[in-house]
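Naming follows writing order (A, B, C and D), and every chain is counted from residue 1.
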Amino acid sequence: MSVDLQEHFDETIAHERRIEPRDWMPDGYRATMIRQIAQHAHSEIIGMQPEGNWITRAPSLRRKAILLAKVQDEAGHGMYLYSAAETLGAGRGDMTAKLIGGRQKYSSIFNYPTLSYADVGVIGWLVDGAAICNQVPLCRSSYGPYARAMIRICKEESFHQRQGYELLLTMMRGTAAQREMVQDAVNRFWWPSLMMFGPPDADSPNTAQSMEWGIKRHTNDELRQRFVDMSVPQAEKLGVTLPDPLLRWNDERGHYDFGPVDWDEFKAVIAGNGPCNTQRVARRKAAHDEGAWVREAAMAHARKNPERVRVSPEASS
Amino acid sequence: GAALARYCLALGDDALIYSHRLQEWLTRMPELEEETAIANIALDLLGQARMLLARAGGILGQSEDQLAFFRSEAEFRNVRLAEHADRDFAEVVGRLLIFSSWRLALFGALSSASDPVLAAIAAKGANELTYHRDYAAQWVIRLGDGTELSHARMQAALDALWPLTAELFLPDASALASVDPGSVHAVLDMVLAAAGLSRPGGATLGPVSGRAGRDGVHTEAMGYILAEMQSVARADPDATW
Amino acid sequence: MSVDLQEHFDETIAHERRIEPRDWMPDGYRATMIRQIAQHAHSEIIGMQPEGNWITRAPSLRRKAILLAKVQDEAGHGMYLYSAAETLGAGRGDMTAKLIGGRQKYSSIFNYPTLSYADVGVIGWLVDGAAICNQVPLCRSSYGPYARAMIRICKEESFHQRQGYELLLTMMRGTAAQREMVQDAVNRFWWPSLMMFGPPDADSPNTAQSMEWGIKRHTNDELRQRFVDMSVPQAEKLGVTLPDPLLRWNDERGHYDFGPVDWDEFKAVIAGNGPCNTQRVARRKAAHDEGAWVREAAMAHARKNPERVRVSPEASS
Amino acid sequence: GAALARYCLALGDDALIYSHRLQEWLTRMPELEEETAIANIALDLLGQARMLLARAGGILGQSEDQLAFFRSEAEFRNVRLAEHADRDFAEVVGRLLIFSSWRLALFGALSSASDPVLAAIAAKGANELTYHRDYAAQWVIRLGDGTELSHARMQAALDALWPLTAELFLPDASALASVDPGSVHAVLDMVLAAAGLSRPGGATLGPVSGRAGRDGVHTEAMGYILAEMQSVARADPDATW
């Protein structure tokens, strides 16, 4: 029987059909998928913090509304992704515990501080841009609920990315101080954006298995190159300089060459020594801990009034 | 014209400052569902603020951003309830219940205002406020009825907030509509009864020589709100965003 | 014996000599004195809040240093006065408990908010000015430790008052916005300053006994009139209008007439319904409660190391 | 000249921002004696900031107030330790112990600086910093040695603060003096030994592409500090105070 199941699974993958929650899947696939989706969900939720940092200080009411809506979307993406992980048997409470206990990661980019309003634009342009490069192929993930979540999320991310780029275009047409602010933000976020694609292929031992399972479609270096090729003309149009003296078009490769990424910095950030790791997790933990009495009250009320009030099951996590 | 501008400013400032206080709570909520709900309410109020400030600005010859970012504290006309910093989730939902019940009654009256723009803003806003009030009411009931701890915190929140309510019903010469305290109290009493909570009485947050939020006399919290909210806009007044 | 003691006490008072801690005194005198000194101490400590509110926002570093030093002086006055009360057998811990429990008052003026930097100047000019009117006669209080404390405190208060007035003079020579700010602050603080002298003599039943005991030297209305007479020419020199249409010189009385004080507002504030009562007491209570573990640690350390470290007895309160 | 100005700015900013964080604690201290002590330390640091900014401003042609109130965040050169918001009294005294031990060592080295003004500032400041360090050390010992709770909170404070210390010893091309980490650690170790506490190790608060406070790259807290600190001065740039 197990052989039949494995064969059916392999065939589904081979035919680029989708695995659904009710289907049998190998334990490794399930575990890898849960980790991937949970980390993606965590990234959405932690990613609310660096941008949320500027909502109260947005310099126009229109920009305030745009940013507030974007951060709200991120919370929505987080919930959507946690639900996808739940179809694999993971619990939201358990995933949250892993996040605030430092046992599950989120995108390293969110361990950098946002230091001016230009950062909001640059996160939209570069960070969302890199996320989209990563995520568009995941709309074809072999796991159905994740693939469907990604289709919706990518749509909204593209919208966010255009808004971010548009903010930067506006700022670059503004005062000298604004243009400096944009350049400074680009200087700080360019390299961390390249790190978002993960370590070089040579140091990424799980890539082969993930590609075989159809839960990864391109290698880290392929996606990184695609991002660089996409970003250089956008930077030119914007009028900013990307902080890499080795960046230049390679006619032979048909791609931009770029300088070496500082993988020591990447490893330090992943290990918890980035500028904001502690702060980000502490904030998430504080919200969770300080909300415990509220979640308990909601459960107690639901128990007393089973007929009257529907409380979402997540309230119990 | 002047009275309409002044009143739109007052209602717009209520929404702008209230929205700011909700924005501060983002990423600090007890659940993700509450993150999206509070963000949504903050967005609705920000939208109301923009329409009302635009209406006032049309008369005064100023943009919504000039009004939001370049007025001084004494020129803001919001009630002091809007600027209160909620100390826990019980205060978040308790204050929202009070504010949205009052504002909904006011917007109901204003939907037949003689100015068609204000009337339209009020009609649209009333839909949003109905949702805000219901969201808040559900949580006040959950917390009032939930555990011993949540009951105590919910009652403490109401007690702490109540002194701020007197100002909502003060006679205001520039008001284009007014609300009967009894009708708002009746709504609150219904929710509180379902929650097993009692409506506080007595103490009020006094004015300063008869002047309060609508006269530009705020609490000490207001200066900090504006310092933060206006900081980027004021750092470079010639900037375009 | 009790008769002898009472005679000795009466004689000391009659000869305007001072009662000292070791002297016998009537229970009523002791209780009244404790209450008077405690309330004065509380006023210094609560009075740190409205001015302290502007330290971080002071618009020049010189003004920041002046304000910081002033608030520090107020803490010093508070400690000095609590020590004076302790000579009568009151404990600082007990007095603090009465303050944060709402069982002992402080000056009603501190229940008004400070809303601009001009308030710092107006508090120096009017509030410290009123306090000095109240306090100069207390340098002749019949209770020795209090009288001596008042001499030192009055000296520093006069310094603060001059600094406040000087700030206002500077602001009045500044921009139109600054002049408006000063006028607005005067409008808000003038009437509450007049209330600082307490209810009208007709409603002040304890005045007679206090004057007999030499712990009050003038009636409330006498001091209020003195303050008005002193302030009007200062306001003229400053170029601000005092918010009282009935204010005018009365040649016959040789004093300024002034309009009726809103005693309803005064009673409301005294009863706890001022704009800041709850906030002021809550802040003091939070500092005290949140500091409990620190005071306990200091005591525990002192117990373990009796020879090495001297911890002030107040640390135990 | 430029190097001297830049370095005086850095040391002045350390003191200015550190003083601001202490100012925030006024009226929130566990005892009145601590209110006066912390006010006193905040005043000393403010005094150091004024002298250092004045020295820098003399070279740059700017007043202390222009430098304090009209620079942008990226122009501030303080280390990130200065901008940390202490969450309890244990962090207040723990951070003060670290900061004043380091700064005292630095001022000791600077008292023989070639610029006589800077040398004089450092010599005067060293006296003040000795008092600050001793005050902090006494409290770290009391809390470390006091109760189980205070011991735990004191150790947690040190653990939370430690990642901020690495930046103090980074090579800085514009520095006119440097401090051997070993000598500062030796002072701390003496205090910690008396307190029964252990010096944390390991984690550091990383820079952003190699840039940190001295390069104008701060923590997210810095923007809020400046928004508040500069709000009144910036509201009316033509005002005289």
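Here is the rule we use: contacts are C-beta pairs under 8 Å (C-beta built on N, C-alpha and C of every residue); 3 or more make two chains touch, one makes a residue touch a chain.
To keep track of the chains, here are their UniProt names: A, C = 1,2-phenylacetyl-CoA epoxidase subunit A.
These numbers were taken from a predicted model, which means no experiment stands behind them.
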| item | value |
| --- | --- |
| Pair with more cross-chain C-beta pairs in contact, given B-C and C-D | C-D |
| Subunit A-subunit D separation of Cα centroids, rounded to whole Å | 36 |
| Where subunit A and subunit C are represented by their mean Cα positions, the distance between them in whole Å | 57 |
| Subunit B, residues touching no fewer than two other chains | 72, 223, 227-228, 231, 235 |
| Junction residues of subunit C - those touching two or more other chains | 57, 177 |
| Pairwise chain contacts, counting only pairs that touch as defined | A-B, A-D, B-C, B-D, C-D |
| Touching residues (chain side subunit D, partner subunit B) in the complex | 72, 223-224, 226-228, 230-231, 234-235 |
| Residues of subunit A defined as touching subunit D within the complex | 50, 53, 57, 112-116, 177, 184, 187-188, 191-192, 243, 262, 265, 268-269, 272-276, 278-279 |
| Subunit D - residues contacting subunit C, complex | 16, 20, 23-24, 26-36, 39-40, 42-43, 46-47, 49-50, 53, 64-65, 68-69, 88-89, 138, 141-143, 145-147, 149-150, 153, 228-229, 231-233, 235-236, 238-241 |
| Subunit A contact footprint on subunit D (complex, rising order) | 72-74, 160, 163, 203-209, 211, 217-220, 222-223, 227 |
| Partner subunit B, residues of subunit A touching it in the complex | 45, 48-49, 52, 54-65, 68-69, 71-72, 75-76, 78-79, 82, 117, 167, 170-171, 173-175, 177-178, 283-284, 286-288, 290-301, 304-305, 309, 311-312, 314-315, 317 |
